[in-house]
C-alpha cells in the first residue's frame, strides 16, 4: 500500500513496566485499538515516545512491532540522531524493518551552532543517503533550534525530503512555511493539536498529535469535518479538545498523556526515569478535564 | 452613528517633521485618503503611532483631529498610561473630545509585577471610571506582559470592557481567548496581519493592523472576502501581504512602515528620535517588496 | 561640594499615602535617617522610586526635596524619558533645582529598535544638551534593552558622560564593560546587591542598590570592608545580605522593599496602583528573612 | 594518587579526521602536551568534546586513553545520559577503566519536565549506584535546565556527590550555590573562563574551561596568581584572556576552539558533522584575537 502523507497520526507513547523495562505487549495492545479508528498512520519513536530514553535495540524492536501491527497504515520512524552518520545508519535499519519514511529531528545539543547552513548540510546529506523518504521535524520547545521558512523552502526541493512536521504552534511561521514550499510536492503536518484547526485552514495536510494517542476519534473528526467543509463542526471539536491537549502536553507532559490513555481504554503504562509519575491530585485533574470534554472511547467510536 | 467594533482599522502613524515636531497636516491628509477605503474605523495613539514619544497636548490634539476627520467611522483612542489614575484622566479627556472607545495597553514598566491580580484590579478600576467603553490591548513584544485567557474571561464580564486587541500572533492563545469569552458580548481584534487569516477562522471580529496604514485596500479585502465565504481568495491575499507586513513591522519597524506609506501615496513623514530613519538600502528593499506583492494604491481602489 | 561618584547610593523609594497621593513628609523622614549612615549619595527617580508612575510635577518636587535634604551628598536624578527632547528638558529642570548629575535609562518601549546606533545617537544628543553630567543606566529586566560593551566604550569617550549604573547582574558582561572603558575617566556602579561583591572585585566604583534603602548600614559595610582590604568580611556580609536582596527585588518587588523599610525604621508607605500591596503571609516572610540575617537598624549603627 | 578537585582542567576537545572518524593519536598528542603544564586534571567527554556525537565504543576508548596518558592527574569522565539506567551503566564502565570521578550533565531532552524533584531523584539514584564519586554539571545554554541553589544544597549532602561544575556564568547564582553548600565538603568549579575570576573570589575551587584547551598556561596562571594573593595580576590575565574565551565559545564554538588549539601547537583536528568548519575569514579573526592577547605557547611555558 502506498505511503499516505495526510490525516492524523499519533506519535505513539512507549509503555514501560514499573521497573522501567519495555512493555511491548502494551504497545501492541494500543496499536490494535488505534487500528479500529480513522488514524491514517503511526509515528514510532517520536518525542512523546520517550525516544530519548531508548537504546538502539529497543528502538528497532518498536519499529518492527509498529510495522507488523500497522494495519497497513503508514509507519513513520523518528530515527534522527545528533550526527548524520548515526542518523543514516539508524534510519536505514528502520527502513530494512519496513518503516515507510523517517521523521528527523534537528540535531540540537549544540543548539546555537545549528545554523541554517549546518542544518542544510545535515539534512541534505542524510536525505541523500537514506533509503526511505524523510520528513523534517521542527520542535523548538525540545530542541531550541528552529528551521526557518527559507530553509524549509530550500530543503523542500530535495527529491528525498517529502514533508515536515512543525510542532511549534507558531501559526504565522506555519503560514510562511506554506509560502516557502508553494509549488513543491511537500506535505506539512502540524505537530500540536493546539494549532490543528488554524493550520488546516492554512493548508496543513494533517496532524501528528500527542492528543491522538488518547483521543484518536475526536482528533480524526476535526480533520474529517474540515475536509468535508464542515468548518464550524471542526472548529467546535478542536476547541473542545484544546484543554485536554494542554493537559497532556504543556501541563502534565508525557506522564499526563499516558494517564489519559489509561483512563480512555489504552495501556499507558509507566514513564521511564528521570520522568516522574503524576501524583493523585494531578491524576484527578486529568480525569476531570476528560470528563468535561466528553470524550468518547474508541470502543464506542 | 453607533460604534462599529468589526472590520479593519489602522493604528494610525503619526507623521513628524524633520525636526521632530508634529505634522498635523500630514496626519489629516492620511485620514482623508483612508476615508476613501473600506476601513471601519481608526486607532489614534496606538503603538505604531509613536505614542510613547508624545506629550499630553500632542495626544489630545491627535484625538481631536481624528474625531473631526473620521468620516463617521469609529475612533478608538490609545489612552493607556502606567497608572489607573493617569489612564482614567487621559481617557476621559479623549472621551470629551469625542473618542468612541479606548484601547488600553497593559501597564508594563514593572513587567513581572503585572500579575493577573494586578492587571485585574487595574482594568476593573479603569473600566469603572472611564466614560467610554474600553478594550484590552495585549502586545507582549512591547510590554513583556501577557494577559492570560483566564483573565480575558474574567474581564470580559465587566460591562464597560467590550473587547480587545491581541497583537501577539500566538494563535493557539487566541483560540483560548475565544473559548474564555464564549457567551459574552466581547469582540476580539487580531493585532497583527501575520495572524489575520487564522484569527478570522477562529472568530476574530477584525484586525487592527499596522499594515492597514500602507495597504488599507488589501487589508480590507482579506476581511471582506473572508466574510463573504471566499476563503481561498482571502487566504491568497493574506499570504501575498505577509512579506510586506514582516517588512513594516519586525524587520524595519515604524520607520519602514512610514516609508511604505510614503511610497504608496500617503504622507509617512519622519520618525521622532530615538527612532532612526531607514538608510537607502533598506528603503530600496521595502520598495522591492511592495512591487513584488503588487499593491494597488488607494487612488486606484 | 564636589560630586562623589563612588560608594553606596539608594535609589530612593517614593512613599505614597493609602489613596496613592505623594507622601513627601515620609520621603524627607527617610532621607534624614539615611543621612545618619555612610551612604555617599542618593538617586531620586530611580526604578525603585516608581518613577514610571509619577507626573512631571511630582518628579520635580522630589528632586527639589532630595537636593534640600541631601546632607551635602551627591544627588543623581533619574530623568530619562523615551525621547531625547523630553529627556533634555526634564534633566535641565532637575539641574536647575540642584541635581548633581542624571542617571538616564535607555529608551525602551520600542525595544527592538533600540540598536546600538539608535542608543548612541540618543545618548550623544542628550549628553551634548544636558547641563549636568550624565550616567548611563542599563537595566534589561525592565527595559529589554541592553547596552553592549562596545557601546559603553564609545559613549565613555563623551566628555559629559561620566559613568554608568549596570543593574543586569551579568558579571561577565560587567567585566567586559570594565575592559571597554579602560583608560577612560568613567565610573561604573553595579546596580544590584546580588552582584555587589564580584563587581567590586572587577573594579566597580560602588553600588546603587535597592537594598540600600532598607539596609544602608550593611550595604555600606560591604563597600567599606572591601576598600579596606578586608575581603572575607566584605564577602561574608554580602552573602548574608543576599537573601534580603532577593526578597526585596525579585521575589516581592517594590512592595516588598517598602515593607522591609517600614520594618527597619523607615517610612515605606504604600505603593501606587497598579502595584499591589503584599498580603500578610508575604509580609511575615520578609520579616523572617530580615530576622535571620540579623540586620542592625540605623539607630543602632 | 588521590583525586584532586581543584585547579584548572580542560574539557578536552576530541580531534576527528577529515572524514569524521576518531583521531586518537591527536588526542594523545594533546594530552602529552598538556602534561607539560600546571593543569590539575582532565575532563574527558565534556560538552566541548563533542560527546553528543560519540557512540559508546568511542567514549570508552577516550576514557581509556585519558587514564593512560593522564600523567597521574585526575580524570573526570562526562558519562551522563538521559536516563539513570544508562548513566549508571556508562559511568561504571568508565570507572572500571580507571576514571576517578564522573561529571554528570542534567538530563535535558524533556527540559520542562526536569523539575527539582525529577533531578533530585535522578542524581540521588545515580549517586547511589555509581562506583566513583560524581559531580553535578549545570550548563543551561545546552540543556535549558538549571539546577537551583536549593537543589545544590540538598544534593551536596549525598556522600557520593562531591562537587559540581557550573557553566552558566550567572555569578549571582554561583554565590547562591556557595551559600547553599556552606559547611559541606563540596567543591564547585566554574565552567566558563568568562566567570573565572569573580567565581574564584566567591570560593570556586577552580575552573573547567574550554579555554584551558588552547591556553592552559594562562588559565592556570589566573588560578595560581589568585591563590597566591596576587589579585591584580590574576585579574589582568583574566581580562586579557576574556576575548579569546568569547571567540572559542560563544562566537565560533567548538570549531573555533579547535582552530585556536591548532594555531597554538595542539592538534585540533576536524569537527564532526553536523558541526561545520570555520571559513577562512573566521580563522583569520581568531588568529588576530590570539595575537592581540599575546598567548604564550606551551613550549615556551
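Each chain gets a letter, A, B, C and D, in the order it is written, and its residues are counted from 1.
We take it that a contact is a pair of C-beta atoms (placed from the backbone, for glycine too) under 8 Å apart; a residue touches a chain by one contact, two chains touch by 3 or more.
Since the structure is predicted, the reported quantities are computational estimates derived from the model, not experimental observations.
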For chain A and chain D, chains touching each: none
Centre distance in Å when chain A and chain B are each reduced to the mean of their C-alpha atoms: 37
Interchain centroid distance [CA atoms averaged], chain B/chain D, Å: 50
Per-residue overlap in chain B, given as positions that touch at least 2 other chains: none
Pairwise touch network: line, ring, star, complete, or other: ring
Complex contacts: residues of chain A adjacent to chain B: 169-172, 175-176, 178-179, 192, 194-195, 197-198, 201-202, 231, 235, 238-239, 242
Interface residues, chain D side, partner chain A - complex: 20, 47, 52-53, 55, 82-86, 107, 109-115, 117-119, 121-122, 125, 141-142, 144, 250, 253-254, 272-276
